[in-house]
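Letters A, B, C, D and E name the chains as they come in the text, with residue numbers starting at 1 for each one.
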Amino acid sequence: MAPALAWLTALMMVPCALVLALAFFRRGIYGGIEYTFTLENFGLVLDPLYAGIFLNSARIAGTATLIAVVIGYAAAYAIAAAPRRWQPVFLFFAVLPFWSNYLIRTYAWIVLLNREGLITQLLRWFGYTGEPPSMLYTEGAVIAGLVYNYLPFVILACYAPLSRLNPELAEASRDLGASAMTTFRRVILPLTVPGIAAGAVFVFVLSIGNFVTPALLGGGRFQMIGNLVYDQFLTANDWPFGAALAMALIAIMLLVLMAQALAADRAAGRIAEAKADG
Amino acid sequence: ADLVISNWDGYMAPDAMAAFKAATGVSGEVVVHATNEEIMGKLVASGGKGYDVVFVSSPFAEVLNKLGLIETIDHAKVPNLANLYPEAANLSHDVGNKFSVPYTWGTTGLCYRSDLVKTEPASWNDLLAPSDALKGKTTMLATDRWLLAAGQLAKGYSVNETDPAKLAEVKDLLISAKKTLLAYDDTTFYSKLVSGEALMVQAWDGWCNYGIAENPQIKYTIPKEGSDLWVDTMVVMKASANKDAAFQFINFMLDAKNHAWAAQNIDYKVPNKPAMESLPADFLAKFPNMAMPVAELVKFEQLRDVGDAQRDYSKIVSEIKAAQ
Amino acid sequence: MSEPRTLLAIDKVSKNFGRVTAVDGISLDIRENEFFALLGPSGCGKTTLLRMLAGFETPNGGRILLDGRDIAKIPPNKRPVNLMFQSYALFPHMSVRANVSYGLEMERLPANEIRSRVDAILATTELVAFADRKPEQLSGGQKQRVALARALVKRPRLLLLDEPLGALDKKLRGAMQLELKRLQHEVGITFVIVTHDQEESLVMADRMAVLRDGKLLQCDTPHAVYERPADRFVADFIGVMNFVPGKAAADGVLAANGARISGTVPAILSPGAAAVASVRPERIRLFPPPETANRVAGIVEALAYHGLDLQLHVRTALSQKPFLVRVTADAADRRPVTSGDAVELGWDAADVRIFAD
Amino acid sequence: MSEPRTLLAIDKVSKNFGRVTAVDGISLDIRENEFFALLGPSGCGKTTLLRMLAGFETPNGGRILLDGRDIAKIPPNKRPVNLMFQSYALFPHMSVRANVSYGLEMERLPANEIRSRVDAILATTELVAFADRKPEQLSGGQKQRVALARALVKRPRLLLLDEPLGALDKKLRGAMQLELKRLQHEVGITFVIVTHDQEESLVMADRMAVLRDGKLLQCDTPHAVYERPADRFVADFIGVMNFVPGKAAADGVLAANGARISGTVPAILSPGAAAVASVRPERIRLFPPPETANRVAGIVEALAYHGLDLQLHVRTALSQKPFLVRVTADAADRRPVTSGDAVELGWDAADVRIFAD
Amino acid sequence: MTSSPARIFGLRTTLVLVFAFLYIPIAVLVALSFNQGGLPTVWSGFSLKWYASLAGNAAILSAALNTLIVALVSTAIATLLGTLLAIGVEMRRQYGSGLEALIFAPMIIPDIVLAVALLSFFSMLDFTLGLHTIILAHVVFNLAFVCSVVRARLKSFDWSIVEASADLGASAVTTFRRVTLPVILPAVVAGALLAFTLSVDEFIIAFFTAGAGRASTTLPMQIYSMIRFGITPEINALATIVMAVSITALTLSQRLNRGVIGQ
């Protein structure tokens, strides 16, 4: 535990604190830092524009998270129910596509979805003659891209607690008269909330910071909040404002995450059930 | 130590470093960066340690200079500067090539499918307010300054305009244009033309050439309101430990033969008079924009660092991107 | 009393896990409203059998009929059967109350009925003070009571209890036993209970079955099993028994080391086959009357008072292990013996059963 | 016999979980090489106490001294103490053999010694056939035996067993009890055992402690606890007891409903205080001789034979609950009674203890 | 629990559908590696030329190797540290929210902030940049991801077996190695796969913390730098080869070592 905390302190806390502290200074005229204390950057953060972008990107990331969690959980469940020997194989195949490059995977989606793309061709081949459906450069395409790229992370996260769920608990539930569905909802699901929460956090944080997918599949029409920070640091060369935006983002997400962690912890209790491991 | 050069991948002749070594005995390696912004950020954060020569677009060179990160060009060590067009030694961002040496230059215009677009586009408004046939089949560059430039040019404003009222007009224009746009794209727009997904796109001339290479029906035009003059430059880092070799490298690149060879590899115009004059006819025929007269080119205004107005610029871009 | 109706018919049911045969062709009837105990050594297949009745294991062979209908296709949640798990299987994320009310919620009973039934069973199982705790905050016995409460509160037609009282102290166990009997009679629940506590099964059960290695050895009333065990194993397993090894002689006689012991022979023995005669310690008399059928001389090796009884270890020529003899303290008072004394033991032929060895 | 040495001194140890006080200022000495039993109702703190001895809970107060040294700072793996967990805590990923040999491997014993010791304990616990199975492939009792084998094979100085035999049938339990006693005497292990089986503790333990609500009520030999319980709770908890409610009168006398019962008063009672007189069922005589100190008339409500004994429920004016009376069958034979008969009960003052109520 | 045929059918269907979703774009990607033309999204005929040109592209190959090194090393370190951290946190459980924040932070700090911060920090300390600095940086976020996955598993972990191990004389290290780790191994493997996957694809942080030189150029850096002048199907060819090699390696290891992590 100590080495990990030391690592995080030395290579995250300290450096990030140094950079985030820039939020209290002024942007120099040429993009450097002018070391006069100011709170104006935080004032700028409060512009409704940024709140709007935050909400919109949170909505997109949230939708992607929801979908990814539903699909990913189902997949993890199916994997955990497969014979033990096959489980690692399935997990491996779930992540393998993602050892190729993000950019070319996204291009593959473009090939599928664009107006002259494979799906359109397929429709035409089946005799469809109308206007090709507009699938690319929509919010749907962005969400699909995010779901696609982060689905394996949900699968991995959900698999972790599902892999050793005590089967007797589900049996006890069935025995007490619960249907398979109710058993799932009231016993299996709550006990695997930690995995769902972890998976959801992964999709959400990775999505909200993503810029390749909104740019390529969304046609640049959508902007994630992470991208806004990126733009301040690099495009606008406005580190102080970037730092202020980042701090706001980090603060909001931390609050949400810790509230969620607390809730999940409470929901799942400490599942020290001997049979879960025995 | 070896010379370290940072460039976009594919933005030099593939054999450039080998030829440089053969010619000078100095070995070097090329590392790649994805965007101006990223290499800028990296140079700013690290003070540029480790890099000798970096390729960046002119506004970024300007900022690097203002931040004191780049070295003054020692003209004595770069005799081939003489090969540059006189206009290229007088670029507004760096009159007299004090801190940057232009490597390529060109325009930003409209790249389109001549076989599918009925009338040849003539104005930025043909892009910003397209005919019904083009609606949903146009793209614009996503990079903030060039995105705004299309609106600024259409409105007849400077591409470095800082008047908030005028910028607001530009913003409104671009927001309305967004509704007819297929996408903002500065990476795959030319393949969209090839596939027919898009019919007209805002493009850098050289990049349009990549489309032309795939499909000769693709054509490039500069709208009547004009273009910007973009310049990609080579700069030498102040932190460089091999400045002599760095100048030697720049000098090597400016050699007429080498620069011409680069142009033929990357399909971009180079500001090198003997080099341009040596380009083969078939190459010029294939890419008509290569032959654009320098005098016409330099009429256009360069993108410049806009100082504190940058905040307004980036906010406007955010507003456009956030608009529904 | 009317003819007892069969609630559950277990018909040649088998179950194996890979190469392990856990239940091996068991046939058994459970009657309506009876209290049925399953006994057998650890690993004999009791839990597996209960799990098949509840629907968690599919038999490899045989049928299970409830009210005459094959229940193979009925999923666990549709069976009017509840199982209390040997390992409790409490829902770790739910409070004690939530665990207990879960089963009633599944029946969509009105909230106030749920509440009152749960309150009642929590009171019975002395868990009221723990209603809001999570299972991890309970002691072993408290957990077991939650599992019991969770099963009882459902009042199913057939309740399967897998060692329900093992972790409870004697007092509480006594109270729970009373409660189970009350539920049997008042609510009309049929019980199948696995227990290692012989006294519990002898006292509580209407009938009991003894299993071994997945097979059914005997199924009868506790009294019958105790008094007339079907084979050597049952005789040894239930209660305490003295065995005299020997060979089967003429009908009802065992030729032991220089003696002939007569008794009942429940299963046919071919003459000369290895056999044992068995007799319970409390059926042996010290200094028996002369007419006693079987008798042997011995030396008292040890003796100890067990409450009212005197327990003697008497070495004889008949077996390697000393005879265990339990006589009442009164009887001992009448003719006191101490360690090292020569005594004579005797027992009636009616109290002897002779089994294959 | 030399003066017994104290191995482990528990000195005013307390433990609470949040607002729950699980162990409340217990002081207790465990002597070298003794067999010590912990008894008490479910939830009284037995497991918590053992867990503190093993080093898994830090007491909120008090000290634990092993050989006179405070062991607060010694981590569990350095204590010469082993705990068999009530919930077994078997390693799910290891075979039975691997589970059992784990502790010896930690001692870096030579492989062949490990092998032979593990083989021996597997044989003793009748687990040889299961040596290569994983815990999930075992029955409840088999798991318990693995846990037991895993603890026993270490032969620590102090072995803490939390209900080690609860899931075993009587035969196997008897064999295991013998094995534990053998280890105590041959290997010299000191045992602290939690059990709910009173007979087990009465027979096996050298001394025992009775806990209630985290407090120590009595610590003494089984015989002393049975015969001279320290208070009403212990009297009731251990064995079976009849209570007569009343008020404390003069020294050693309880004024009950119209009768005066004399007996021993272990703790001072202020005259007039609510009190109960207690007497064991087997100490009550039917139709007592005239010189008997305490006597009462009653009506037989029910009677049942329990092996050799006859157990009677006799209603009297002295208490609401009927008296439980156990007489030997012989005694009963001499003067037979049946349900509804009027009888007279009597018992000696020496057999009565009077407690605060 | 006994599985009804309907349940098995449902589970299988789920797997088939999910894997179809995951692999359809991959099929496109593989097909494009055989594309005659150089455009990333337009098909123009079959060719193996990109495989040939990949073989001659030292830059891409060395970047691929660097990526593999960074991903493997940072995954190894992050898996170890992240697992230990998860165990530490879950064992105590009464951790403060400060610790919680410290563990969540690497996941939510925007990449660019971490990138800029680390680069500034390394320059301040005059730390030489190289593959090792990328590894240091990747461990930061990988550690958080691994920790999350392992913690999700540990919430349902039976700690009494850890106590039992200590009780039987095992040191903390031995207990970890022989009891805790084997039991939570599926989650640790899941965490490691996740870390590896993130690291292989990470661009911005790697770019900022890389040294100036080919020796620390990773594949994403290489590929993103190609955007401006055309990402060629060489990359698709590379991805195809990576997947083919991985599948072969997996098949072999499955043969050799039947399901190590599946106990």
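Just so it is clear, a contact is a pair of C-beta atoms (placed from the backbone, for glycine too) under 8 Å apart; a residue touches a chain by one contact, two chains touch by 3 or more.
Since we're looking at a predicted model, the values are computed, not measured.
S.K.: So if I look at the partners of subunit A and the partners of subunit D, which chains show up in both lists?
M.R.: Per touch definition, common to subunit A and subunit D: C, E.
S.K.: What chains do subunit B and subunit E have as common neighbours?
M.R.: A
S.K.: Please indicate which chain is farthest from subunit C, where distance is taken between mean Cα coordinates of the chains.
M.R.: B
S.K.: Ranked by contacting C-beta pairs, which pair of chains comes out on top?
M.R.: Pair with the most C-beta pairs in contact: A-E.
S.K.: Where the CA atoms of subunit A average out and where those of subunit B average out, how many Å apart are those spots?
M.R.: Roughly 35 Å, centre to centre.
S.K.: Using mean CA coordinates as chain centres, what's the subunit A-subunit E distance in Å?
M.R.: Between these chains, centre-to-centre, one finds 15 Å.
S.K.: Measuring from the mean C-alpha position of subunit A to the mean C-alpha position of subunit C, what distance in angstrom results?
M.R.: So the centre of subunit A lies 57 Å away from the centre of subunit C.
S.K.: With chain centres defined as C-alpha means, what is the inter-centre distance between subunit B and subunit D in Å?
M.R.: Computed value for the inter-centroid distance: 90 Å.
S.K.: Quick one: which residues in subunit B touch 2 or more of the other chains?
M.R.: Only 35, 38, 41, 187-188, 192, 195 qualify.
S.K.: Subunit D: which residues touch two or more other chains?
M.R.: Touching at least two other chains: 87, 89-90, 92.
S.K.: Which positions in subunit E are in touch with at least two other chains?
M.R.: Touching at least two other chains: 1, 40-41, 112, 116, 120, 156, 158, 160-161, 183, 203-204, 224, 227, 263.
S.K.: Please give the residue numbers of subunit B that touch subunit E in the complex, ascending.
M.R.: So the residues of subunit B touching subunit E come out as 2, 4, 6, 8-11, 29-35, 38, 41-42, 45-47, 49-51, 187-188, 190-192, 194-195, 207, 210, 214, 266.
S.K.: Can you check the complex and tell me which residues of subunit A touch subunit C?
M.R.: Going by the criterion above, the answer is residues 166, 168-169, 171-180, 182-183, 186-187, 190-191, 267-276.
S.K.: Contact residues on subunit A for subunit B in the complex?
M.R.: These residues of subunit A touch subunit B: 27, 29-32, 47, 49-50, 52-53, 56, 107, 110, 114-117, 134, 136-137, 215-216, 218-223, 228, 231-238, 241.
S.K.: For the complex, which residues does subunit D have touching subunit C?
M.R.: 17, 20, 39-43, 46-47, 86-87, 137-142, 144-145, 162-163, 166-173, 196, 198, 236-237, 282, 307-309, 326, 328-331
S.K.: Tell me, which parts of subunit C touch subunit A in their complex?
M.R.: 54-56, 75-77, 81-83, 85, 87, 89-93, 102-103, 106-107, 134-136, 150, 154
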